Amino acid sequence: MRKLTYAAALNEALKQEMRRDPAIYVAGEDVAKYGGIFGVTAGLLEEFGEKRVKDTPITESAIIGSAVGAAATGLRPVVELMFIDFIGVALDQLFNQAAKMKYMFGGKAKLPIVVRTTCGAGMGAAAQHSQSLEAWFMHIPGLKVVMPSTPYDAKGLLVTAIREDNPVFFIENKMLYGLEGGVPEEPYTIPFGQADVKREGSDVTIVATAAMVHKALAAAAELAKEGISAEVLDPRTLTPLDEESIINSVKKTHRLVIVQEAVKRAGAGAEIAAVVAERALEQLDAPIARVAAPFTPVPFSPALEKAFIPTEERIIAAVKEVVG
Amino acid sequence: MAVEKEKLIEMYTKMLTIRRFEQRVAEHFAAGKIPGFVHLYIGEEAVAVGTCANLRPDDYITSTHRGHGHLIAKGGDLKRMMAELFGKRTGYCKGKGGSMHIADVELGILGANGIVGGGPPIAAGAALSAQYRGTDQVVACFFGDGAANQGTFHEGLNMASIWKLPVIFVCENNHYGISLSQLKHMNVADIADRAKAYDIPGVAVDGNDVIAVYEAAHEAVRRARAGEGSSLIECKTYRHRGHFEGDPQVYRPPEEAEAWLKKDPLPRFEAKLMEMGVLTGEKAKQIEQGIVAKIDEAVRFAEESPFPAPEELGDDVYTA
Amino acid sequence: MRKLTYAAALNEALKQEMRRDPAIYVAGEDVAKYGGIFGVTAGLLEEFGEKRVKDTPITESAIIGSAVGAAATGLRPVVELMFIDFIGVALDQLFNQAAKMKYMFGGKAKLPIVVRTTCGAGMGAAAQHSQSLEAWFMHIPGLKVVMPSTPYDAKGLLVTAIREDNPVFFIENKMLYGLEGGVPEEPYTIPFGQADVKREGSDVTIVATAAMVHKALAAAAELAKEGISAEVLDPRTLTPLDEESIINSVKKTHRLVIVQEAVKRAGAGAEIAAVVAERALEQLDAPIARVAAPFTPVPFSPALEKAFIPTEERIIAAVKEVVG
Amino acid sequence: MAVEKEKLIEMYTKMLTIRRFEQRVAEHFAAGKIPGFVHLYIGEEAVAVGTCANLRPDDYITSTHRGHGHLIAKGGDLKRMMAELFGKRTGYCKGKGGSMHIADVELGILGANGIVGGGPPIAAGAALSAQYRGTDQVVACFFGDGAANQGTFHEGLNMASIWKLPVIFVCENNHYGISLSQLKHMNVADIADRAKAYDIPGVAVDGNDVIAVYEAAHEAVRRARAGEGSSLIECKTYRHRGHFEGDPQVYRPPEEAEAWLKKDPLPRFEAKLMEMGVLTGEKAKQIEQGIVAKIDEAVRFAEESPFPAPEELGDDVYTA
C-alpha cells in the first residue's frame, strides 16, 4: 500500500471529501494561506478557494460558534482549534451549544460539525500547548470523540467524521503528524465505535490511545522477547466507546493495562477501567494498571517532559506487575 | 417611512399576543404549572415585533433566555410554545428544552439560549451559511445590554464585520443584567457606539416605539440582503417584571420603573394607531378577543397534552 | 447544635472569614445588591461595602481572570461563577492560568482563589443550568475541588478553601441550599482530602457526592430494613481525593457502589472505580457498580428530569445486585 | 516632552539588549539548544521599552507569547531568562515554563502567556489589587493586534473601564496574527478606536518610534497612577522575523517587509540620539560591547547550568 504521513492522510481526507460535497467548508486560524500550523490543510485554499477555506480571526468561540450556526442551516463545517489547550476560550459553543442543540430542540436540528484539533506533549511546547484532554469530551453527551493513532486510521476516521450528522471532536496527536503508514488512495470510512487490535496477544490486554499506541506496541515487542504475549487494543473513538472489544480482549487475557498520555486522575483510562470493573471484574486475574502522566501541568524542559510522558519502560513495568 | 396599514395591524396584534401570552405564562408559573426559570418579555414587545416585521419566513433569528417574544414575533406557534413551557411531549422540544431552549428551526428560529452571549457566534454562522449558499436570507440576533459585555458578542461582531455577513445585531437594552444597572456594568451610554469597533453602522433607537425599531431594522435588513453586511441596532427599553418570575427586585428604584411604565410600548402604539385611524376601539376589542381565544386554546392544549414518557429521555441525543 | 441551612452556613463562612482577613473580597454576578441568585452572599454588601463585595458585568473570563491577577498580587478573591454550566466561557482562566501559573513560574506564585459555583438538576432549569461537571475539574493539576453535601461540611470546607493558598473550585449543589443541619457558630475548618463516613456499615460501601449523599443515606436506611448494612462515604473533596478511606472501607465491605449525579461516562465515579480496581481489586467480592445519570443532556420536563437524576430506588437496586 | 539624557541612553541600551538577546536566541534555537516555540520580538523593541521606561519596579506587566522584550524592558535578568529558554534548573521557572511562560513575580512580571488574550483579565485583576490595597501601582498589559479580537480582551477592557482600574493596555500592532493580516482579521484600521467602546482614551502611535511610545505611555501611566483609570495605546510596528522561529513566512509580501525594515526602531533611535548629541559612535560601541558581554555571560550560564532532575517534575504544582 502507498505510504503517507499522518498529516498527509488527513489532508487527503479533507480534499477528497471537499471534492465530493460542496457543503463542506474548512475554517480556522491559519488554515488557508498558511495551510495549517502543522500543514494538515495545505493546498486546500489553492484548490477550493477562499469561499471554502477560510482564515479566521483568533476568536475560538466565534470559530466553533459559527460552525454551529452554519451546520444548523445546512452546511458541513470542518473547523480547526489550533491546539486542544485553547478549548478553554471556546468550550461553551462546543458543549452547551453544538453538543446539546439537537436534544434541547427535541430532535429538530442536525449538527454535522467536525472540530479538528491537536493534542500531546513531546516538542517542548509547555503547559498550554501540550495537553491531552480527551476525557473532558467523553463526558459530553451529544458529542463524538475521535483519536486516531495511525495514518490509515486518521484518513478513514476523518472521512467518517465529515460524513457524520453529529458534532465530532477529532483529536490529532502532534507528535504523529510525521509518522508514515499505508493509506489507500480512494476514500474509505472507518466506523466509529470499533476498536482496532493493533497487535494480538494472549497474556495481557493493553488499551492505548493516540501516540501511546506506538509505545504500547514497542513495549509489546519487547515483552514478546521475554515470552509475554501482549494484545494492544486501540479504541480509536472514545465516544462511542467499543466496550465489547475491550471486554472480549480481557476475557481472553484476564489482565488489563491502560495507557494514556493524559494525567491519570479522571482521564479516559479511568472510564475504561471502570467499565471493566463493572462488566468483567470476575475475568480479571490481577489489578488493573494505568500508565499515565503524573498529576502536574506539562513541563517545558525536555529533561522534565521526558519524565512526564509515559514511556515504553513504564508500560513494560506495568505489564510485568500485572502478569506477576 | 410609510408602513402599510395591514402591517401596522399585524404588528399591533403580535405585540398584544406577546403581552397576553406572557401574562398567562406568569399566572401558570405562579400556579406551579410551569417549572424552571421563566424570563418574561413584557414591556419589550416593540423590539421583537419591530425587528421581525422585516423578516421573511426563511430568515433566521437567534434568541436569548428571554425568548418568548422573539418566537412569537417570528411566527412561532402558541400551542407548541405553551406545551413546551408546561414540559409536555407536544411542545416544540418535546418537553426537553423548556423556556430557555424553545426553537423552531423550520421557522428559522435557532433557539432561545441559556447562555448570555451564546447567540452572536451562532448568528454569524447562520449568516455565513446564507452567504455561502448564495441566498439573500438574513439573520436577526437578539441579545441584552448585559450580553454586550460578554466576549462572545465581540467575537461575533468582529467575524460578521470582516466577512460582511448578513446579520442584524439587535441589542435589547433594558438597562439591567439581572440586578446590575447598565450604569455599573459598562462605561458607555450607547451600546450602539460599539459598532464603531467593527466599522458597521450602529444606531440607538427608542425601543418602546415599534415604528422606530421597525425603521431601523428595515434599513439594516436591506443592507444585509443587499450584501452590504451587518448592523447593530440598540433598542432602549425596560422590562416590566422581574428578571425572572420570583425576582424580589430589590435593585430597581420604584420611580424608575414608574417612569418607564408610562412609556409602555403597547398603549403607546395603540394610541398612535387610533390617532392614525388605523385602529378603532371596536377593532382593538376584536383583536384582543382573537388573541385571548388563541391563548386559551394554547393553554388547553398544553394542559391536556401528555408529559413525555421516561423512556423518551434517551432519544434525540444523536442523529442516527 | 444550632441549625442552619446549607446556604446560610456558606454565608456565615464568608462573613466570618471576611471579618478575619481584609485581603478577602467577593466578586461575581449579582453577589452584592442581590445577595447572590441563591442568596449565599446576602448581607455581605451591607456589612463590607462595595470595595469588598463587587457586582461584576456578565463576563466570566474577566471574573475568574481578574481573580488570578488579584491573587498573584496579594489579595484573596472569592468569586462566584453563577452556574457551573457557564464554565465554558471562562475555563481558560481557570485551567490554563489559575491552576498552572504556580507551576509554569517554577513555584514563584501563590494563587489563593476560591471559585464558588453551583451544580445539579432538579428544578427544571434544563440543559444549560443543571449540569454536574466535577469530573472535568478533577483532571486539572493545580486545582483543588470541593463538593460539600451538608451544611456542616459546607461551612467548614469553605473556611478551609478560603484559607488555602491554591485555587479551589468549590461546587455547591443548588438543591441543597435549603437543607438544614447542625452548624457550629464559631469558624472551623475541615481538612481537604478527608472523606467522611456519613453512615457506617459492613456489607457494601456506597461512595456518593453532594446531593447523592442524601439519596444514598435514604437507600441505606431502606436497605437496613432488609438486613443489608451499607456504609455511606462522602469524599467531600475530589482533589485531593481520600483514596485511603475509600480503600479501607472496601477492605471492610468488599463491595462498592458509586453514586454520582453526573452522566456516568468519564465522570468522577470512573476515577473512584479505577482507583479501587488498581489498588484493591483483590478485595472486591463483586463487580463495582456505578449509579449515575444516563448519557444525555439534562432534560427540562419534570417527567424526564426525574428519570435523569439517580434515585434511591436505583441505588437500592445496584446495592442488591452487588450484594447478590 | 523633554526626556532626560540618562533615560534616553537607558532606553537605547534596553532596546539594543533585546535585539542582541533575541539574535542570540535565534542562533541557539537554530542550533537545537532551545526547544519548543520561540516567538521573537525583533523589530518591536520600541514598544516594550517606551512603555516600561515609565514603570516603577513595583508596577506590574502582563506579557504574551512574544515576551522576551517585555521582560528585559521591565528589568528581567538575562542569565535566568536564557537559562529558562535552555530548559535549565537555574532559569526563571526552573525549566518548567520556557519562553511562553517566563515570569518574575517579584519584578511585577506576571508572566508571558501561551494563550492569546490571556493577559487582559489578569491585568485587570492586578490593577484591582493595587486599587484595593490603596497603592498607586499600575499595570501595563501587552497584547497583539490578533488578540484585540479575542473576547477576553474586550472583557478585560470593560472591567478596567467601569472600575477605573490603573491599566495601560498596550496593543503591539505588528499587523499580523501569525499569517493573517490585520486587513483580513478586523474591519478597522486603528485598534485604538476600540477604546471608545469603553469610554477610555485610545491613541495610535508610531510603535517604531520609542519616544512616541514613551510619551503616550507617560500620559497613560500618569492617568492610571492618579486614579483616573485605564487607557489604550496602539503601537504600529512590525516583526522582522517569522511568527515563530521556523516560520516559512509565505504570507507577507517582500515589499512590505522591506518597507518596514527601513523603519527599524533601533537605527532610527540611534540616529536620533546622535543627532541630539546624546550618543556618539564611541559610546554606542561601548554600550554594544557591554551588552554582548552580558549576553555571552547569560549564554555561558545557561549552557553550564544543569537540567532539572526528573524528580523535580512533581514540585511546584501546589503551595503547601
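Chains: A, B, C and D, in written order; residue numbering restarts at 1 for each.
Just so we're on the same page, contacts are C-beta pairs under 8 Å (C-beta built on N, C-alpha and C of every residue); 3 or more make two chains touch, one makes a residue touch a chain.
The structure presented is a predicted model; accordingly, all values stated were derived computationally and were not measured.
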| item | value |
| --- | --- |
| Contact-graph distance - origin subunit B, target subunit D | 1 |
| From subunit A, the most remote chain by mean C-alpha position | B |
| For subunit A paired with subunit C, centre-to-centre distance based on mean C-alpha positions, whole Å | 30 |
| Whole-Å separation of chain centres (CA-atom averages), subunit A against subunit B | 40 |
| Computed distance of Cα centres, subunit D from subunit A, in Å | 36 |
| Of all residues in subunit B, the ones touching two or more other chains | 93, 95-97, 101, 113-115, 149-152, 155, 158, 162, 184-186, 317 |
| Multi-chain contact sites of subunit A, meaning residues that touch two or more partners | 56-57, 59, 61, 85-86, 88-89, 92-93, 96, 103-104, 126-128, 141-142, 295-297, 299 |
| Overall pattern in which the protein chains touch one another (line/ring/star/complete/other) | complete |
| In the complex with subunit B, residue positions of subunit C that touch it | 29-30, 33-34, 37, 55-59, 61, 85-86, 88-89, 123-129, 294-297, 299-304, 306-308 |
| Footprint of subunit A on subunit D - complex, ascending | 35-37, 87-88, 93, 95-98, 100-101, 113-117, 146-147, 149-152, 177-180, 184-186, 250-251, 307-310, 312-314, 317 |
| Residues of subunit D touching subunit C in the complex | 60, 62, 91-97, 101, 103-106, 110-111, 113-115, 118, 120-130, 132-133, 139, 151-152, 155-156, 158-159, 162-163, 315-319 |
| Interface residues, subunit B side, partner subunit D - complex | 149-155, 158, 161-162, 184-188, 193-194, 196-200 |
| Residues of subunit A touching subunit C in the complex | 61, 85-96, 99-100, 103-104, 126-128, 133, 135-136, 138-139, 141-142, 239, 241, 262-263, 265-271, 273-274, 276-282, 284, 286-290, 295-297, 299 |
